[in-house]
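For reference, the structure is listed below as C-alpha cells.
A, B and C are the chain letters, set down in written order, and residue numbers restart from 1 in every chain.
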Amino acid sequence: MYEVSDVTVNYGAAAAVSRVRLRIEPGELVVVVGPNGAGKSTLINAMAGLQAVASGRLLVEGNDITREAPHRFCERGIAIVPEGRRLFANLSVRENLELGSYRAGARSARAASLARVCALFPVLAERMDAPAGALSGGQQQMVAIARALMARPRFLLLDEPSLGLSPMITGDMFRAIREINTEGVAVLLVEQNVAAALGLARRAYVLEEGRIVAEGDPQQLLSQPQIRKAYLGIGA
Amino acid sequence: MPSATLLGQSVLSGVFIGALYGLLGLGLTLSWGMLRQVNLAHFALAFLGGYLTFQLSARLDPFVILALVAPVFFVLGMALHWFFLRFSVTLLNTLLVTFGITSIIEAGIQWYWTADFHRMENAYAAVRWKLGPLFVSLTDMVTLGFALALALGTWGVLRFTDLGKAIRATTEDAPIAAAFGVNEKLLGYLVSGLAAAVAAVAGLCLALNHTLAPVQIYAWMGVVFAAVMMGGLGRPIGPLVAGIVIGVSEAITMAVTNPTWAPLVSFSLLIAILLFRPARF
Amino acid sequence: MKIALAAIAAALIGLPYLGLPAFYESFGYLLLSAIVLATSWNLLSGYSGYFSFGHGAFFGVGVYTTAALAGKHGWNFLWTLPLAALAATALGVALGAIVFRVRALRGELFALLTLAITFVLATIALNAVDGGPGIMVNVDMPRLAPTASGVLYLLMLAAAALTLWTAYAIYHSRFGTGLFAIHDDEDVAEVMGVPTYRFKLAAFAISCALAGLAGGVHAVFVSYVTVAETFSIALAVNVVLMAALGGTRHWLGPAVGAVAITVLLYAFTGGDAAVAGRALTGLILIVVIVAMPQGILGQILKRFRTKTPSRAVVRTEDAPRQAVTATTGPLLVARGITKAFKGVQALAGANLEVRRGEILGLVGPNGSGKSTLINVVSGHYRADAGSIRFEGEELVGTPAHRIARAGIARTYQIPRPFPQLTVLQNIALPPMFGQVVMHRAAAEREAWRWLEFTNLSDKAHRYPGELNLHQRKFLELARALASRPKLLFLDEVLSGLTLSEMDGALRLIRAIRDQGATIVFVEHVMRAVMELTDRVAVLTYGRAIAEGAPAEVMRHPDVVSAYLGTAHV
C-alpha cells in the first residue's frame, strides 16, 4: 500500500497541498479529481519524489520514503507518467523505453517488459526508432505510459494523461490504463476529465485548493453539485 | 600556386591538427553539452598533461606516463565538478571561474618550466612512413588514433549503453530521469572525470607532436571552441569532424597564402554559420 | 560634496606641474588607463550581462590605428585618437549587428566569440598593418605639460573623466535601466517595451569607442607596438576581474576594482613575480565570483542600503485619462492564430475579439492554449499564422517592444520580476518605455501611484526575492498597470492566493477597469470568473469554442464536456 499521511507541499510561502491523506491499496485504481489550481500535480509530483514534502510522510509498504533521494523512489515500485508527458524528446522511442527500465530491478526483465508494452500499444512497435519528440501527442502519451510500465512498478502514477488528446485517443488510453490495472498494477490517476476518470475507478478523491474535500464512490461524487460548482462556477 | 604534393601534405597535416582539435574539443563538448559547464581550464589541464609528459619522458615511456596521469586528472575533474556543485556556480560563472583556474595553472607552468619553448625528444618522433609522395609520422597517427578511438568510443557509449542513455536523458530532463533511477550527481562526476582524463590524452598528443609554451594555452581556445560550437554541443564526433574541416581549411590557407592568416579561418567559418544557420544555436 | 570633488579634480590635473619624478605620472597613467578599460567594459558587460572577453581586441584596434597612422604615416597624434575610437566602434557594431540578432546567443557563447575575436584581430593586425616586427611610435607631443609622460597622463585623465561621466550618465538614465532589465530578463524587458537589440548595440558601441580611445593614447605611451603585447589575453582577463572585484552593477565599481588590481599588480612586476601576479589574479577572480558576486562596492552599498530612503511624498492625483481614441468597434481582433511547438499544436486557428472597456474572461481546461495566446499577442512568441489587429494595427510580426508601446501589457502566470531591480524600479520601468515615454523622475512618481494602489508602498525599496507569492503577483500587476495600457492581459493572477487575498485582488481589478483599461482575464478560479467578467471566451485544443455572457457560456454543452469531459470507458 502507498499511504500519503498528512502531507503538506509548499508553493512559495503558501501551501499548494495541505495535510492531505490518501492511500492506494495494492491493485487498486484510484482517481483524484479537482479543478485547476487545486494542487493535483503538486500532490502527484510529491508522491513520485519530484517535489519535496514540507511536512507529513509518504509510506510505501510501511517504509517511510519521505526524505529519500529522488532517484531512489523508483526502487520502491513507484513510476510516474508526468503531466505533459516529458519524454526525452531527442532520444528514440526505444531508448525512452529502455530508460524506463533503467533501475536494476527492472533491467533484467527488459525484453519481457518491451513485449508487454508493445502488445498493449501496438503502434509503438512501428515507431521504435523515431525520436520521441517527433510523435503525435497521443502517441507520446502512450510512450510515456509504456516507459513507466517498463519500470515494473507496483504503483503507477498518472498526471492528467488526457491533456491535449483528442477524445478518441483518450478512450483508447483509458482502456489501456484499465487493462494495466487488471494485470495487478495499482494506479493513481489525476485527471481533469472528470466524467471519464470517474467511470474508471472504484474510489475517488476530490481535491480543492490543496485539500481533500470528498472521498468515496465515483458515481455519487459525479452527481454532486459541488463538483459542478468547483469546475464550472455555476450552481446546481 | 603550390604543388600538388605540397597541397596534399598540407591537407594531411590539416587532418592531424584537426584531430587534435577534436581531441581537445571532446572533453569540452561533454562538459558544456551535458553538464552545462564551460570549462576553459580544460586547455590548461591538457597542457599540464603535456608538460608532465615532457618532464617525465626521460625516465618513462610517454604512454606509461599517460597511464599514470590520466587517473590523476580524472580525480581533478571530479574535484572541479564538486567545486561547481558546492558553490552553485552558474553556467556563465563556470567560464569565469575556469578562466581563473587557467591563469593559475598557466602561471604554475611558466614558473616551473619557464616561458621557453620545449620540445619532447622521444623515439616515436623519428618514425615516419611514406604514403605515396606524402609523409606521415607515427606521432601524427597516434593523435588521429586517439581522437578517433575516443570520439567513436564516447559516441558508442552514449548511443548504445544504458549509462550513455542515462547521461543523455539527464541532460534533457534531469528530474524525470531521476524518477526512473538515474543518479544525476554520480553521472556528473563521471563525465567531469572523463573529460579531464581526455585532457590528459590530449596533453600526450600535444607533447608528442608540438612545441610546448605556456602562451599557447590561450591560442588553442578560440579554434577549439569554434570546432565545438560548429560540431554541436554534446556530440562527441562533432568537434572531430568540425576540427578536421577547420584544420584542413587552415592548412590550405597557409599553403596558398601567408601562414599567419590561419587563425582567421575558424573564426570566419563560425561567423558564417552564425549568419546563415543561426538555428544551430 | 561638490567642493571635495573640485579639490580632487584640481589635484589630479595639477599633478604633472608639480615637478615630481616621472614615475608618478606613469603610475597615474596606468591607474587611469585601467579605470577607462574596466569602466568601459562594464557598460555592456556589467550593465547588460553580456560578458565580453574581447575588450582587449578593441583596445588593440585603437592602439594599432594610432600606431599605423601616427607611427608609420606621420599623422598628428591627437587627430588619430577619434579615429582610433571610431575604428574600434565600427568593429564592435559590425560584430554586434550579427551576434545580437541571434536569439540563442546569450551568455557564454557571446563570451567565447569575443574571446576568439582577439586572436582574429591580432592576425589581421599582424598581416595587414604590422608585418611582424612591430611599429615604432615616435610622435611630437602637444605642449600640455612639462614632460611627455605628463601629457600622456593628462590625456588619459581626460579619457577617464569622459568614461566615468559616461558610465554615470548611463547608469542614471533610461538607457541604463533598460540595460539592467536586459541583464535580469531580456525577454521580459523586450515585452515591457525595451528595444533590446538597439540598446545592446549602443552599449557595445560606446564601450568599444572608449576602449579604442584608450588604445590610441597607449600606442604613444609604449612607443613600440607589437601584436603579441597588444592583443594579449591578460588584458581581457584583468578587465573582467577589475569590474567583478569592484562590482559590476554600479558605475563606479569597476574603477574601484581597477585601482585595487593595478596597485596589487604593481607589487608583482618583472620576472617570477609577474607569474605569481597572474596566478594571484586568477585566484582572486575565482574567490570574487564564488564568494563576493556583487564586488567590493556592491557589498559596501548593501550595508548602507538597509536604511530605507525616504520616499517621495506623492498625493494620489486623479489618473489623467488616456486619450480615448475615436474609433469604435472592437479593441483587439485575433483571427486564425496558429502556433506549434515541436509537434505540439498549442493554438489551432484561435479567434478572439475583445471589446473596449470590458473585462473578458479567457477560460479553458489545462493545456488549451490560453497562456500561449497571451504570449503570441504580447509578442513573446511569433504566431505561425493568423492576424491580430489592435486598433487597426497588425501585431503579428511586430517586435514585442513595439507592441508594448502600442499599449498592450501582460502579467506572467509565474511572476517574472527583474530580480536585481527594486520593486520601485521594476514598476517604474514600463512607464519609461511605454506609450508615453517618461523620464525617470516622472516614471517613479507614476510607479508610486501603483505601489499605493496595490498596497506595496512599504516594499518599494526591497527586492522581489524578499516578497512572498501574493506580493509578487501584485508586483506583476502593478508593473503591468504602470504603463497605463489600453489592453491588459492578466494570466492567472489569482492562483495561489488565499480567499481574503483574492477578494482584494478582485476589487483591484474592477478598479483598474473603472479607470479605463480593457482587461482580458485568464483564470481557473471559476467563482472569480463569474463575478468579475462581462463576457467569457472558452478555449479548448487551441481554438475558441464559445464566447458570450458567463452564465450562458458555462452552461453550453460543449463547454461542459470540455471541462468535465465525457465518459469514455
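Going forward, contacts are C-beta pairs under 8 Å (C-beta built on N, C-alpha and C of every residue); 3 or more make two chains touch, one makes a residue touch a chain.
From a predicted model like this one, the values you see are computed outputs, not experimental measurements.
Centrality by C-alpha centroid: the chain sitting nearest the overall protein C-alpha mean is C.
For the interfaces A-B and B-C, the C-beta contact count is higher for B-C. One finds 42 Å separating the Cα centroids of chain A and chain C. For this pair, chain A with chain B, the centres built from the Cα atoms lie 44 Å apart. In this assembly, the C-alpha centroid of chain B lies 35 Å from the C-alpha centroid of chain C. Residue positions of chain B touching 2 or more other chains: none. Shared contact sites, meaning residues of chain A that touch two or more other chains, fall at 89.
Those residues of chain B lying in contact with chain C across their complex are 32, 38, 87, 89, 91-93, 95-97, 99-104, 106-108, 110-111, 218-219, 221-223, 225-226, 229, 258, 260-264, 266-267, 270-271, 274-275, 278, 281.
Partner chain B is touched in their complex by these residues of chain A: 48-50, 69-75, 79-80, 82, 86, 88-91, 95, 98-100, 102-104, 107, 147, 151.
Within the complex, the chain C residues that touch chain A are 342-344, 365-367, 468-470, 472, 492, 495-498, 524-527, 529-530, 541, 550-551, 554-555, 559-561, 563-569. Residue ranges of chain B in contact with chain A, taken from their complex: 162, 165-166, 168-169, 172-173, 175-184.
Across the complex, chain B is touched by residues 51, 98-99, 101-105, 107-109, 111-113, 115-120, 122-124, 126-127, 233, 237, 240, 244, 272, 275-276, 278-279, 281-286, 289-290 of chain C.
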